[in-house]
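Input: a single structure, listed below in structure tokens.
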Amino acid sequence: MGRRVAHAEGPAVSLLRTEGLSKEFGGVCAVDSLSFAISPGRVYSIIGPNGAGKTTLLNLLTGIYAPSGGRIFLEDADLTGRAPHEFAQAGVARTFQNLQVFFNMTALENVMVGRYRRERCSLATALLRTPALARAERTCREEAAELMRFIGLAEWLDARAEAMPYGALKRLEIARALATQPRMLLLDEPAAGLNSAEMRGIGELIGLLASRGHTVVLVEHNMRLVMGVSDHVLVLDYGRKLAEGTAEEVRRDPRVIEAYLGSALASDCSVGSATTSGGSAGGTAGSVAPTLH
Amino acid sequence: MSGQLAQYLLSGITIGAIYALVALGFSIIFNASHVINFAQGEFVMIGGMTTVSLTGAGLPLPVAMIAAVGLAALVGLALEKLAVEPARRAPVVTLIIITIGASILLRGLAALVWDKKLHTLAPFSGSAPIEIAGAALLPQSLWVLGVSLAIVLALSWFFGRTLLGKAMLATSNQGVAAQLVGINVRRVLLISFGLSAALGAVAGILITPITLTSWDVGIMLGLKGFAAAVLGGLGSGPGAVLGGLVLGVAESLSAGYLSSAYKDVIAFVLMLAVLFFRPAGILGGRAAERV
Amino acid sequence: MKSIRIAVAAGGTLLAMTLAGVLGAGIAAAQEPIKVGAFLSVTGPAAFLGDPEQKTLELYVEKLNAGGGVLGRKLQLVAYDSAGDADKARTFARRLIEQDKVDVIVGGSTTGETMAVVPLVEQAGIPFISLAGAVVIIEPVKKWVFKTPHTDRMACQKIFVDMGSRGISKIALISGAGGFDKSMRAECLKVAAQHKIEIVADETYGAGDADMTAQLTKIRATPGVQAVLNTGFGQGPAIVTKNFGQLGITVPLYQSHGVASKEYVKLSGEAAEGVRLPAAALLVAETLPDSDPQKKVVVAYKREYEGRFKSEVSTFGGHAYDGLMLVVEAMKRAGSTDKAKVRDALEATRGYMGTAGMVNMSPHDHMGLDLTAFRMLEVRRGDWSLIK
Amino acid sequence: MIARFVSPRIGGLAALLAVIAALPLALSNNYFYEVAILVGLNAIVCVGLNLLIGYAGQISLGHAGFFGLGAYGSAILSARFDWPPLAALAAATVAVALLAYLIGRPILRLRGHYLAMATLGMGVIVSIVAATEDRWTGGPDGMSVPPFKLFGATLSGEGAWYCVVGALLVAAVWLSLNLIESPTGRALRALSSSEVAAEVSGIDSARQKVLVFVISAVFASVAGSLTAHYSGFITPSKLTFFHSIELVTMVVFGGMASTYGAVVGAAVLTTLPQLLTVFKDYEMVVFGAIMMGTMIFMPKGLVPSIGTWVGGSRTRKDLR
């Protein structure tokens, strides 16, 4: 498990930083010149009413969208315009609002894929399965299994992904993301479609991760979850920064209240819709993700 | 020389119109079901061969034509109901193989029912070539062109104005959503196969006086028609026609000025270029399938 | 281990399939009859060759058996469809030799299929009569390989002689992409000079092409063209002929023996008027003078075939007829079906009159036909007519 | 734990070896050997193609092109320039690998039907060139190919070929099994399931696709070279669109994402035409019907279906 104590200290240096980040689709600004910084070892939540540009922002922060303007820095490295796998290799991992689990594999293999960054080997090695590789694979398996137990998926070790319940799949995605040993973990509505018990579980998990020094970026509709775990909250509205601060500050911010009362219903039913989309997971790949470049 | 160029263009248009008609069939099915029907060429063959054998049996041409189109449509419906429908959720490869299996089956049947010889039909309005800018054009080519255009118009009306047509478009863009708003997706798919089969048959009848027909004429026509459909943008009616014409003209120009041996290569290179640089095709609205 | 069971299941299926292959293949009857093996492209692009060939073989094996068979034994035809695919042809030839243990092989509709099989028959030492056109089959002479059709080179020569007699010296060539087409094109280019023929244009068209006006326009635009020669068979030549008329090209058009069938005339309509081509006497059977020594045999075959299958004879079926009859004659003369004896008898064939013409084999000539076997025909009023 | 992921490979290979060793008992003459050898050669192509189609989820309707390039490469180099066959084979393979690498990137950006069409077009181009350049290829009538030589000794006789092809097939299966169980293999399976998820897990999907494309092309090329040398004669018929379809059908019929499936598929569809000769004129009809039937009623393919039937539902993974 990646214990990055080094990053947990010295919140002065920001781990991820954006400058005037923008993304427009056919003239419509989904994200509008957004600048913010995420300091390491914290739970940083991004909230906002539906269509506020949360998921778009997440896609920008993981390279799935190329920004129309602005820059993205991971510490000093400029990642603007890089491909998703380059973001991943730089240490940015994420989960998806509608599940993107590899349903053609076992749960364990899903997590092992997360370790690709470290396990990758030359073609020759792979074809000949050198003893070294065999050994590496064994440790890979065991550590992946350990990670799954840590995430609370012990009973699903050998299960085929397609045979697992929705709640477990949500956790599986988190495990796969953690397996990349990210410096920053982005969770896109991890609670969407979960019952209250499962949601509490996710909340505890996020807390646990934070306590272990992980930097978690949380996009979530469920206010109880957000307010419970967040150190810092960014409120988006129409792709712009509406407010920013601790959970407390944000909760008291009149603009936020106004924006939310305006669309309280929207946010509720959006949780509902997330459930349905999550239910038909796998098939809905097309809807989240645009073409990779 | 200019007469020469004119001739190349006319020849290209003649061939192109043929490809266009076949391509239209691909587009209709792709629109409704996102299935590439590799048996499309066989519908063309059925149309031609049936008409030939029926007129040979003494039936008047119009009757034979109607019968041929009807038969092809029936085969199309059967293909959808018996082969494609049961495997609708199967991956693309499986569907491709199913339709290819169907094409082999149909070809085999044609060889049994009819023969392995070449056949032709008398041109509808004589074979006296029309002189245009020092170039000759067969009246039959005009028939092919005219009908293709008529069909494109008819289709755009059908998809744009009629309820069924709109339903079919909806199905192609958002299968699930279409189902939710109460469109009977299965019925739409069935119709799309019947329609494109009938269309293929029409093509088969029209082109027989030019290209001749035989049990295996569908292979090459299917391939070129497919290429044309992709060139113009899969699923776009006007695209199919444009793709067909571009392919045809490209072929005859390269046959005329470059190398007749390599004109087919040039045609396919053209198609690859379009796929690489504009995967949606010349007129294709939707981009290539997304992640 | 579940996984092992699966692997075994997979392995089992594999084994089962191959065994099934063994059994299924093992449909060999009693050793009694004389076995004539054949591999023909009954389907595929060359189907119009293989189809009449197979029909002819079936018809005449039946007739011969009705007439008491050969050497007092019945004939048995073992025919496979090689679909114009050389590799299939090879496997089927192997099957005929090793599995069906045939006494002689008649077949190979196309040159490719024939050439793919030659090494096998040479190695196995079994008489093999090819029904394909190209010269390479018999040049250089191969011990066990014979052929019945005229070579494409002879066709070129026959055509060039006729052109010469009409004072034509500059011609354009247009040929298809098929094996026959390209092989004949090559031969014509080779022998053109000997006949003082200059080829000033050389165009080709692809398989299944719908329109050749582009190529013909180019030819029309080439200065000095006095005649056009189209080497090819199937759909191509018919379309070439149509387009030829459509473009109003006035110079004479020559076709190859590859389209020597009524079908061609029917397909190309009035545009075929005046087209000349070299062909076997079979095409003009009825119109031959009774004095013609070939008349009896070609008329007989024509009547038999058309009576049975209700479709026009083509010279291709004739080649199969000649092939079968040559073998039967040879066996009779050899007095046995011993492969070596039959081969020698075949090579010793003299004065056999077949649908293709008079056959006189020799150790240097495993076809035995000469230019006289070809008749120059012209299409007049939608039918073939002899040119003296 | 260890046994769990070693055994499927060992057990499967053992079974395959057993079959290959036992088969000669059934091969009563050279004809059966020839069929068996052709099965083996096709199986090698299919094992490679299955990595691309079955595991990485990328269609190719043009693999006959690579097969043919390998075949003609060997044929031309050894026949026209009298290279030693082994060197010819190696050179052809390298050339094909390079070609596959070059066209791989642009082509594999496409998906689904567009990829199918592009690969198909590529295959058609190759076959037209082979049929047209008769100076080198002998045109549609084909050309003869000198026999294969291994270290000076001519490889002749069905028995010898059977052993060589059998050994190569086992090697091919072994390599493919290794690859699939490796991180690269997981990467391929991952991107075939969800490309975006694979990417955010740090997998350069474009690169991985090209990689597997090249591997499958190499498998096809080697098998092509050997086929050419074995049959001693080659025509363009083995480069055509139809042969590409045949190959894909073998893979899908045997079972996508199942290496043994690919082998079985090759075995079935290579022997089938030999069986169907019983049907004479009905051969095509029956063949077409079989193609459609299996795809409709066994879309998972033969081996996985048998697998689920034999060993319950959790076996698809073990079927690698």
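Order of writing sets the chain letters: A, B, C and D. Residues in each chain are counted from 1.
Assume contacts are C-beta pairs under 8 Å (C-beta built on N, C-alpha and C of every residue); 3 or more make two chains touch, one makes a residue touch a chain.
Remember, predicted model here, so these are calculated numbers, not experimental data.
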From the Cα centroids, identify the chain that ends up most central relative to all protein Cα atoms.
D
Report the chain whose CA-based centre is farthest from the CA-based centre of subunit D.
A
Using mean C-alpha positions as chain centres, tell me how far subunit A is from subunit B in Å, no decimals.
47
With chain centres defined as C-alpha means, what is the inter-centre distance between subunit A and subunit C in Å?
71
Just give me the whole-number Å value for how far the CA centre of subunit B lies from that of subunit D.
32
Could you give the separation in Å between the centres of subunit A and subunit D, each centre being the mean of its C-alpha atoms?
40
Please list all residues of subunit C that touch 2 or more other chains.
42-43, 177, 206
Residues of subunit D engaged with two or more neighbouring chains
128, 132, 194-196, 281, 283-284, 314
Contacts with two or more other chains occur in subunit B at residues 108, 111, 261, 264, 288, 290-291
Could you list, by residue number, the parts of subunit D that touch subunit A in their complex?
1-2, 5, 175, 178-179, 181-187, 189-190, 192-205, 211, 215, 257, 314, 316-317
Okay, in this complex, where on subunit B does subunit D touch?
30, 34, 36, 83, 86-87, 90-94, 96-98, 100-109, 111-112, 223, 226-227, 230, 234, 261-262, 264-265, 268-269, 271-272, 275-276, 279, 288-291
Within their complex, state which residues of subunit D touch subunit C.
7-8, 11-16, 18-19, 22-23, 26-32, 34-36, 38-39, 128, 131-132, 134, 139-142, 144, 227, 231-235, 237-238, 258, 260-261, 263-264, 267-268, 271, 273-275, 277-278, 280-281, 283-284, 302-303, 306-307, 310-312, 314-315, 318-319
Sites on subunit C touched by subunit D in the complex:
1-11, 13-15, 17-22, 24-25, 27, 42-43, 80-81, 84-88, 90-91, 94-95, 97-99, 110-112, 115-116, 119, 134, 136, 177-179, 182-183, 186, 206
In their complex, what parts of subunit A are in touch with subunit D?
62-64, 83-85, 87-89, 92-94, 96, 100-106, 109, 112-117, 119-121, 123, 125-129, 133, 137-138, 140-142, 160, 176-177, 180, 282, 285, 288-289, 292
